[in-house]
Amino acid sequence: MVERDLYAPSAATLAGDNADIYFRRSCDILAAEQLNPVVAMEVFARRRARVCGLREAQALLRQVLGQEAEVWSLDEGDWIEPREVALRIRAPYRQFGLYETALLGMLSSETGWATAAAECVAAADGVPIISFGARHTHPEVSARMEYAAIVGGCAGCATPQGAALAGIEATGTMPHALILCLGDTLEAAEAFDRHIDAKVERIALVDTFKDEAEESLRVAAALGEKLWGVRLDTPSERGRVTAELVAEVRVRLDQAGHSHVKIAVSGGLDAERIGYFRAAGAPVDAFGVGSAISAAAPIDFTADIKEVAGRPVAKRGRIPGLTENPRLKRVEL
Amino acid sequence: MVERDLYAPSAATLAGDNADIYFRRSCDILAAEQLNPVVAMEVFARRRARVCGLREAQALLRQVLGQEAEVWSLDEGDWIEPREVALRIRAPYRQFGLYETALLGMLSSETGWATAAAECVAAADGVPIISFGARHTHPEVSARMEYAAIVGGCAGCATPQGAALAGIEATGTMPHALILCLGDTLEAAEAFDRHIDAKVERIALVDTFKDEAEESLRVAAALGEKLWGVRLDTPSERGRVTAELVAEVRVRLDQAGHSHVKIAVSGGLDAERIGYFRAAGAPVDAFGVGSAISAAAPIDFTADIKEVAGRPVAKRGRIPGLTENPRLKRVEL
Amino acid sequence: MVERDLYAPSAATLAGDNADIYFRRSCDILAAEQLNPVVAMEVFARRRARVCGLREAQALLRQVLGQEAEVWSLDEGDWIEPREVALRIRAPYRQFGLYETALLGMLSSETGWATAAAECVAAADGVPIISFGARHTHPEVSARMEYAAIVGGCAGCATPQGAALAGIEATGTMPHALILCLGDTLEAAEAFDRHIDAKVERIALVDTFKDEAEESLRVAAALGEKLWGVRLDTPSERGRVTAELVAEVRVRLDQAGHSHVKIAVSGGLDAERIGYFRAAGAPVDAFGVGSAISAAAPIDFTADIKEVAGRPVAKRGRIPGLTENPRLKRVEL
Amino acid sequence: MVERDLYAPSAATLAGDNADIYFRRSCDILAAEQLNPVVAMEVFARRRARVCGLREAQALLRQVLGQEAEVWSLDEGDWIEPREVALRIRAPYRQFGLYETALLGMLSSETGWATAAAECVAAADGVPIISFGARHTHPEVSARMEYAAIVGGCAGCATPQGAALAGIEATGTMPHALILCLGDTLEAAEAFDRHIDAKVERIALVDTFKDEAEESLRVAAALGEKLWGVRLDTPSERGRVTAELVAEVRVRLDQAGHSHVKIAVSGGLDAERIGYFRAAGAPVDAFGVGSAISAAAPIDFTADIKEVAGRPVAKRGRIPGLTENPRLKRVEL
Amino acid sequence: MVERDLYAPSAATLAGDNADIYFRRSCDILAAEQLNPVVAMEVFARRRARVCGLREAQALLRQVLGQEAEVWSLDEGDWIEPREVALRIRAPYRQFGLYETALLGMLSSETGWATAAAECVAAADGVPIISFGARHTHPEVSARMEYAAIVGGCAGCATPQGAALAGIEATGTMPHALILCLGDTLEAAEAFDRHIDAKVERIALVDTFKDEAEESLRVAAALGEKLWGVRLDTPSERGRVTAELVAEVRVRLDQAGHSHVKIAVSGGLDAERIGYFRAAGAPVDAFGVGSAISAAAPIDFTADIKEVAGRPVAKRGRIPGLTENPRLKRVEL
Amino acid sequence: MVERDLYAPSAATLAGDNADIYFRRSCDILAAEQLNPVVAMEVFARRRARVCGLREAQALLRQVLGQEAEVWSLDEGDWIEPREVALRIRAPYRQFGLYETALLGMLSSETGWATAAAECVAAADGVPIISFGARHTHPEVSARMEYAAIVGGCAGCATPQGAALAGIEATGTMPHALILCLGDTLEAAEAFDRHIDAKVERIALVDTFKDEAEESLRVAAALGEKLWGVRLDTPSERGRVTAELVAEVRVRLDQAGHSHVKIAVSGGLDAERIGYFRAAGAPVDAFGVGSAISAAAPIDFTADIKEVAGRPVAKRGRIPGLTENPRLKRVEL
C-alpha cells in the first residue's frame, strides 16, 4: 500500500484547485476591501440520510481554521433529518470560504453512499453485505465509497485502500477471469487453495462454465471442509440468481453432506432484490452489492451563511440566524 | 494550481491499492502456477452512452503493458451502442489483470457524467450550459466530472482543476456568500467590478435580498455597459425560476434600456426543466447545471475475457470469441 | 345598499319566467282537463352534501302554496346523505308544479357552494376562511354564493350584499389596483390608515412591487401596532405562496419585534392546498378562498312525485311511495 | 314575462352592493387623496375559451364611464387564446374601479357555460343540442346560462326568460310529472295533443312506466303523423340510454311504419357521452344537455392595471404596459 | 340419459390417443431397453386453488396400475397451497407414464372451474348460486364443468349429465326461446305451469318483451302462490340488472302482496359483480353464473419425477426427492 | 387409435343429456300445446374472432334437422366481426331447440382456442408453432383443442387424436421423464435414436441436468447429422429461456460445426413472449405453445330467435328480424 494519511486533504484541495472559482474571487474581493467578517455557516441536507464525510471535512477544517474559530458537528454515521444542521462553522470568512465546494462535495458523495448502504443493510436484516462496487467508481474515490459503505453498515469491502480507510481487511472470492484463464472452475478452486494463505476463506464462484448446482457439488466434493462457501452470480442472460436457485443449491449441498458450505449471492442486487430473497426465505449467507451502493446519487448538502458579524442574516427563502440543534457537538480543532 | 499530469494514474492506482483484492490474488495464483496466458479482454456497456474515460484508461495501460500488447479503442466522446465494444486489450493477463477495477471505474463514472451532460446540452438546443456541480462531488474526482461534462458538450465549468483538464478557463459569477458578507447585492456587484480583472465577465446574482426584477434593474442602472448579465437562482421556497420570471425580467430590462444585459438561469435544472424553458420560449442566455450532471449514476462497464491463448472462450451467458467492431482503432502504446 | 328582501323570490321567478316551459304547459293541460291532483313530491341529491337553499325555497313555497298544503324540510346547513329526502311537498300539483325548476336550482347551486366551503373549512382545521370568489361569479347570484359559503362554515365574505344575506359585515384588505394607483405598497397602506374608519382592520397586501418579506417589514415598521396583518398573494409566476414563505415572513416579523402582525394567505387555495399549509405547520392566521368555493359545481337535486291522490306511484327506476326520513320537520306556511 | 331589459345591470350591481368591499374603500381613499388617475385595465383568461358576457359587461360600462373613456373588446362568442386580452378599459379609475367584481363575474360565469356548450356542440357534430340545465342553476342566473349556451352553439333552451335573452322561442317536451299525474304515457301524449297549440312539436317521453320500445310504438300508433318524436331519458337504475337502445327503437318504429318519428336523447349527457352515441352511429335526432353545461365551472378572468397616467406599470409577475391584440375593436360608449 | 360410468376413463383415454405422443415413444424406448424403473411422481399447482379432478384421476389410475403401486392423494375439493403436492404416484414408470397428459388435463381443467366457482360462492356469502355455463363449454366436457362447480360450492347446475355426475337434480327456469315462440311472457308462464311436473319450481323470466317490474307484477298476479320466483336477466343493451332494479322489483312485488315471490338474477355475473349486489344490499334470492365459472382458465398442474429406483432425483430447478405433505392420504387401488 | 368419426356428435349430445334442462322442458311444453313454429335462429359472438366449431355443429344439425330446414353458415376458420351472424338455422323449433346448449358450446370453446392460436401465429411471423397444451385440457376435449389450434394456424400438435382430427401427424420431442428415468440427457438421446423410427425427427431436450449450452454441444457431438435440433425449456427457477440464451446456443453450436442443428423453444410462451423473441432477433426455429392456446377463454356465442312463423321478432335489446350477412353460405343437409 502507498503510504498516506487517507483522511487528510490532498494538496489540490488545500490549494483550492477544485473550488468553484467564484469563491476564490470572493475572497480576493473581500481582501481588497480589507474585510474578513466572522460568519456562521450551517450545512444541511434536504432529505433523511445517514451522514458521512464529516471525518474528512473536520480534517480539512483543522488545517485551515485559526484558534478563534468554532466548529460544531454531528457524529459520522448519524441519521439526519431533513434540513437538520449537520455541521456549523463560525470563523472569519476568508479562513474557509474557499473550501465550501470541497466540504459540500465530501459530505454529498459520502452521505449518498452511506445512506444507500444502510438501506441495503436494513433489507438484508442481519445477513452480512459485502460492498464491491469499486469497479463502477472512479479509482480516485473508490476508497471513500467503500469507507462510506462500511459506515452505512456493510460488513466488508473489496479494495485494500478502502478497507484501510475503514480499518478492516479487504474481502474477496475469485473473479471469472481466473477461471477463464485456468479453463475450469474446479481447477481454479484447487489452485486458489494451493497458493493462497490459509487464513483467507475459500469461496468458489460456480457459474462460469456449468450449471451452478452441478458446479457447487463438484467443488464441495473436491475441497471438503476447506471450502467456506460458493458464490452464485448467474448473469441476466441466464436469468440472474433466484430464490429458488439458492434453495435448490442448499438442498443439493445438504443432500450430499456439505451442510457447512455457505452460499453467497451477487449480481444486480439492491435493497428491493435483497428484500425479495429475504421474503422468500432463501438461505443466503452473504450478499455482495455493487452499483446499488456505488452508483447511489450524492445527497446534496447546502451551506447557508446565517450570521455575519454577530447579526442574523439569510438570503431570501431562508430563516435568518442560527438553527437550533442540540445534537451538535463542539469539535476540537 | 498544484502541478501534476492529470491524466496519469495516481500512485495508489498503479500500486493496485484500489483494485478488488481478488485480482491481486488471481495474479499471485497464476504466478505460482507459472502461467501468464495471452488473453483478449473486451469492455462494453449495456446502454447507449457518450463514452468518456478512455483517455485516462489509455494513459494507465501505456504505463503497464509491454510491447507485445495490443489495445483497440473508440474515441473519447463517441456515442456507443448497447454492448458495443469500446475497448479491447490483448496482452499477457498478469500485465493488466490487476487494473480491471480501475479501468472500469474510470469509464463508468466519466461516461455517466458525459452522457448526462449530453442530454442537457441536447435539451438546451444551442443555449450554452455551464457545469457547476463540483460542490456535490467528492473533491478528489470533481475535476474528472467537469472534464466529462465538457466532453459531453458543456461550454464551461467552475473549478480551475476541471477547466485545466478540459483545456479551458474556469467560469464563475458570484456566490450568495459574497453578497451576504457585503450586505447588499449592488455593493457586491460594484466591489466585484472594482477588484476583479476586467477580462472576467460581470454577472450579478440577483435573488439574495430583494425581488429579482427589482434587483436586476438596480444593478443594470449602476454598472451600465460593464454588466454582462444577471443570474436568476430563485430558491424553491420562492418558487424557483420560472419561464414567466425570465420573460418579465427581460422586458423590464429592455424597457429600462438594458437590452445588452444577458440572463443566466440556475437552480435545480435538468434536461426536462431546460426543455421547459426552451419550449416556453423563455429568453435564457445561459444555463447553469449542477446535480443533473454531477449526480448522474455511473454507466456500468463490463470486461469480458473472450480469448485465452488464441482460443475463443466466454463465461456462460456470453458469446465466445471476439466481437466485431469496425469502429475500433488501434492505440499506440 | 339597495333595499330588498333578499330571501324573497324575484318577480321573474314568481311569474315562472325561468321555469322550464314544459312545466307551464303541463299545468295548462291539467287545467284544461280540469284536474289538480294532490301529489307528494320528494327532493333529494345523490351525494353527501351540506344542504343550502332551503331557506329561499321555503320563502317561495310560502308565497304560492295554499292552506291545505304540507311542507316538510331539513334545516339549512344540515349534512344530507345520498338520496336522503331534504324537502317534501304535498299539495295540489298546479299550486307548485311551475316552480320545480326554481326550487331545484336554488338547492343545487347553494348546496354546491356550501359543501365546497365546508370542505375547505374542514381542511383549515380552525383557521378562519374568508370567501372572496364574487369576482368569478355572476353578480346576480354572488350574494347567494357568499351566503352559502357562510352556511358552509366560512368566517367572512367580501361583498356587502352577500354579508347582509348572511347577517354579518363584509371583509376586505386592499386590492393590487390601489397600490398600482398610488405607486407604492407603503404609501397605499398609509393612505388606507389615514382615511378608513378605524374599526376596519389594516391588512397590507405585500406582493405588488417588492419581495414579500421585505415589504412586510417596511409596512410593519411604518404602521406599528395599527397593522393587523399582511396578506401574501404571490402570483404563480413568482411561485405562489409556499409554506416556507409564510414561515420565513413570520420569523422575520418576529425578529423585528412585530409578533402581533398576523399573516393572511390567498391565491389559488382549495381544500388540498389549505391542507398542505396545515400539514407543514405554516403559521397562517387566515385563508382567503375564491374559486374553490365559487366555482364549485352545483350538486344536482332531483324531484320525484311519489304519491298521486293518495296512491304510491313512481316512475321506473324509483321506489313508489314516500321515503321515510324521521329528520324532516314540518314547515310552517 | 316580466318586462325588463335583460342586458342592463341590476340596481344592486349599479350600486356596487355585489362589489368586493375593498374596491369601494379604494375609491374612497383615492377620493380622499383627491386622486383619480387615468388607468388602462386589461382583462384576460388563462385558458382557451369561448368568450361570453362581453355584451352585458359593455352595457354596464356604458352606464358608468364618461366621455373620455375608451373601451376595446372582442366580439361575444369569439374563441380566445390563453392570456389574450378580451377587454381593455382606459378611464379615470374611480369611474369603474367599483365594478371590477361584477365585470369579471359576468365574464367568468358566462364564458364557462358557453365554452362547455361549445364542447358538447362539437361532439354532437351537427345533431342539434337543447340546453335544459336551468333546474340545476340558481333561478336568478338561469337565463344567463341559457343565453350563454346559445352563444356556445346550442339550438334551443328551456325557459322563456333564457330564450328571450337569446332571441329565440323556448323548447320543451313533457315532464315525468305530467305522466305521473295522468297515470299513463299515452294518455299524457293525447292530452298534450288536445290542448297545446298545434305549432308546438309533440314529443312524447317514453320511459316512465313501460319499456321504451313498447311505449314508443304505442304513442306512435296513437298520434300518427302528429307525433314529432319520442324522448328517451332512461334512468341510471335502468342502465341509462344506450346506443343500442336508440338503434332498436329506431328499427322498431321503422318496422311499424313510423319512420317520420324522431328520437331525442337526454339523461346525464356530456361531450364524452355524446361522442359515444355519435361514434356508435346511433340514430339520434336531438340531444338534451343539462349539467354538462349548467354546472360548468366558471372560467376565471383576471383584470390587470397595465398603465397609470400614461406610464406602463404592472404588479410583480406581469409584464408592464399594454399587451398587443389586433383583434380588439373599439366599443362605442 | 345415456348410461355410462361418468368417472371412468373413456376408451380413447385408456388407449392413450389423447396422450402427448412423446410419452408413448418414451415407454417404447424404455421397453426396448428392457427398463421399467419404479419412479415416484408428484403433482402440484403453482397457485392456491380448490383442487378438483382427483376422483376421475384415481379412477384412471385404478384401471392401469398394478398391485405394487402406491397412490397418495388429497381429497376432492380441498384447498391447496402453491406447490403443495396434491397427488403422488409410485409405480413402475411404464404402468402410467402414458397417462401424464390425461391426469394433468383432468386436474387442470376441473380445478380451474372449481376454484372460480368457489370465488363466486364466497362473494355470494350465503346466497345460492346456480351454474349454467354449459352453453359456453364444449358438450363433451360440460358435465365435468358442472360437477366441478358443485365441488366448488354451487347449489345447482343446468344439465342432466352434469347433475348426475354431482349426484343432484338439474335446475332450470325458462329460456327466452319459449317466450318468443309463445309470444308473451305470461302465456309462457301459464303454459309452463299447465304442463310441467308440479315438483319443478315455477320461475318466470321477465325481461323479454316488457319492463321487468311490469312483467313481474303481471306474472305474480296470474300465478299467485304457485309462482316460486322471477328471473331478471336484463341484457346489456338495456343496462344489465342493477341493484336498484332488484330493490324496486322487490318493493313493487311486496306492495302488490307478492312477498313470497323470490328474485333470481343472471347475466354476466362474476365474483366482483356478485359482490356489488351483496354490498348494495340488493334482495337477491339466487344468482345464476355462466362464463365466470365455465370460462375460467385451467389451473396448470405439473408432474415431477422425484425418485427413480429409490434414489432422489429432479430436473434442474426442482428439489430432488419427495416433498413432505402430511395431508396426503393413501388411496386404495 | 380407437376408431370413431370424430366430428359426429356423441350419444350423450344426441340424447340431450348435456342440454340445459329448460330446453327439454320448453320442447315438452310446446309439444303439449301442439305447437312447433318454424323459427329462424341466428348465432353470433361479440368480439372479433377466428370462428371454429362450425364443422362439428353442422355435423350435429345434419343428424337432427328435417328436409324442410335451412342452415346458412360461414366457413370454418373465417375471421368474424363483432355481432356478425356466423350460423343461421330456420326449422321447426322442436327439431333443434334441444341442441342450443351443445351448438353454442362447440362454437364457444373451439373459437376461443383457434383465436388464441391465431394470435400466437401472428406474433411468430413465419416461425412454426407446435401446440402442446393437451396436458392442461381435459382429455375428453383435448383433441378438439388441438384441431382448433391447427385451424388457427399452428403447424403441429402433440396427441394422435388431435392430429387425426386435423388430418396431420402428431409431433413430439422427448419428455423430462425419459431423461430422468435414463439418468442422462445424452443417453436418452442415443436411446431415442436407437429405437424410434428414423422418420421421426431427433430433437433433444437439453435443460434437465446441465447447462443448456453445454448439453447442446454434447448431444450434437454424439448424434451428428442425425440430430434435427435441440429444445430449450429452461424452468422459471433458472430464469426461463431468454433471447440471449438462444443466441448463445446458436453461436456455440455454429462454432463447433453444428450449423444444421435447429433450436426449438418452449416454456410459458404466449403471443407477447413470442413477440419478444422475434423483436430481439433470436434465432428460434420453432416455438412450442401450451396454455396460451389451451387455456384461452371460450369466446361466447349467443343464439337469438329473430323470426317466428315468418314474422320478425326479438327480445328486448335486439333488433327484430334477420340480420343481413352476404358472407353466409347455404349448407347442404
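By letter and in written order, the chains are A, B, C, D, E and F; residue numbering begins at 1 in each of them.
Note that a contact is a pair of C-beta atoms (placed from the backbone, for glycine too) under 8 Å apart; a residue touches a chain by one contact, two chains touch by 3 or more.
Computed from a predicted model, the values in this text were never measured in an experiment.
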- What chains, if any, are shared contacts of chain A and chain C? B, E
- In terms of residue-numbered contact pairs, which of B-C, A-E or E-F coincides with A-C for over half of them? A-E
- Item | Distance-maximising chain from chain D - centres being C-alpha averages | A
- Note on the structure: Separation of the C-alpha centres, chain D versus chain E, in whole Å, is 57
- Message: Centroid of chain A to centroid of chain B, CA atoms only: how many Å?
- Response: 22
- Message: Using mean CA coordinates as chain centres, what's the gap between chain C and chain E in Å?
- Response: 58
- Message: Going by the contact rule already set, what residues in chain B reach two or more other chains?
- Response: 209-211, 234, 236-238, 244-245, 248, 316-318
- What are all the chain pairs that meet the touch criterion? A-B, A-C, A-E, A-F, B-C, B-D, B-F, C-D, C-E, D-E, D-F, E-F
- What part of chain A is in contact with chain B in the complex they form? 1-2, 4, 9-13, 15-23, 25-26, 28-30, 32-33, 35, 37, 39, 41, 93, 97, 100-102, 104-106, 108-110, 112, 132, 134-144, 158-162, 170-183, 188, 191-192, 194-196, 200, 207-210, 234-238, 291, 294-295, 297-298, 300-301, 305, 308, 313-318
- Item | Partner chain D, residues of chain B touching it in the complex | 211, 213, 244-245, 247-248, 251-252, 255
- Note on the structure: chain B residues touching chain C in their complex are 209-211, 214, 234, 236-240, 242, 244-245, 248
- Task: Write out the stretch or stretches of chain E touching chain A in their complex.
- Result: 312, 316-321
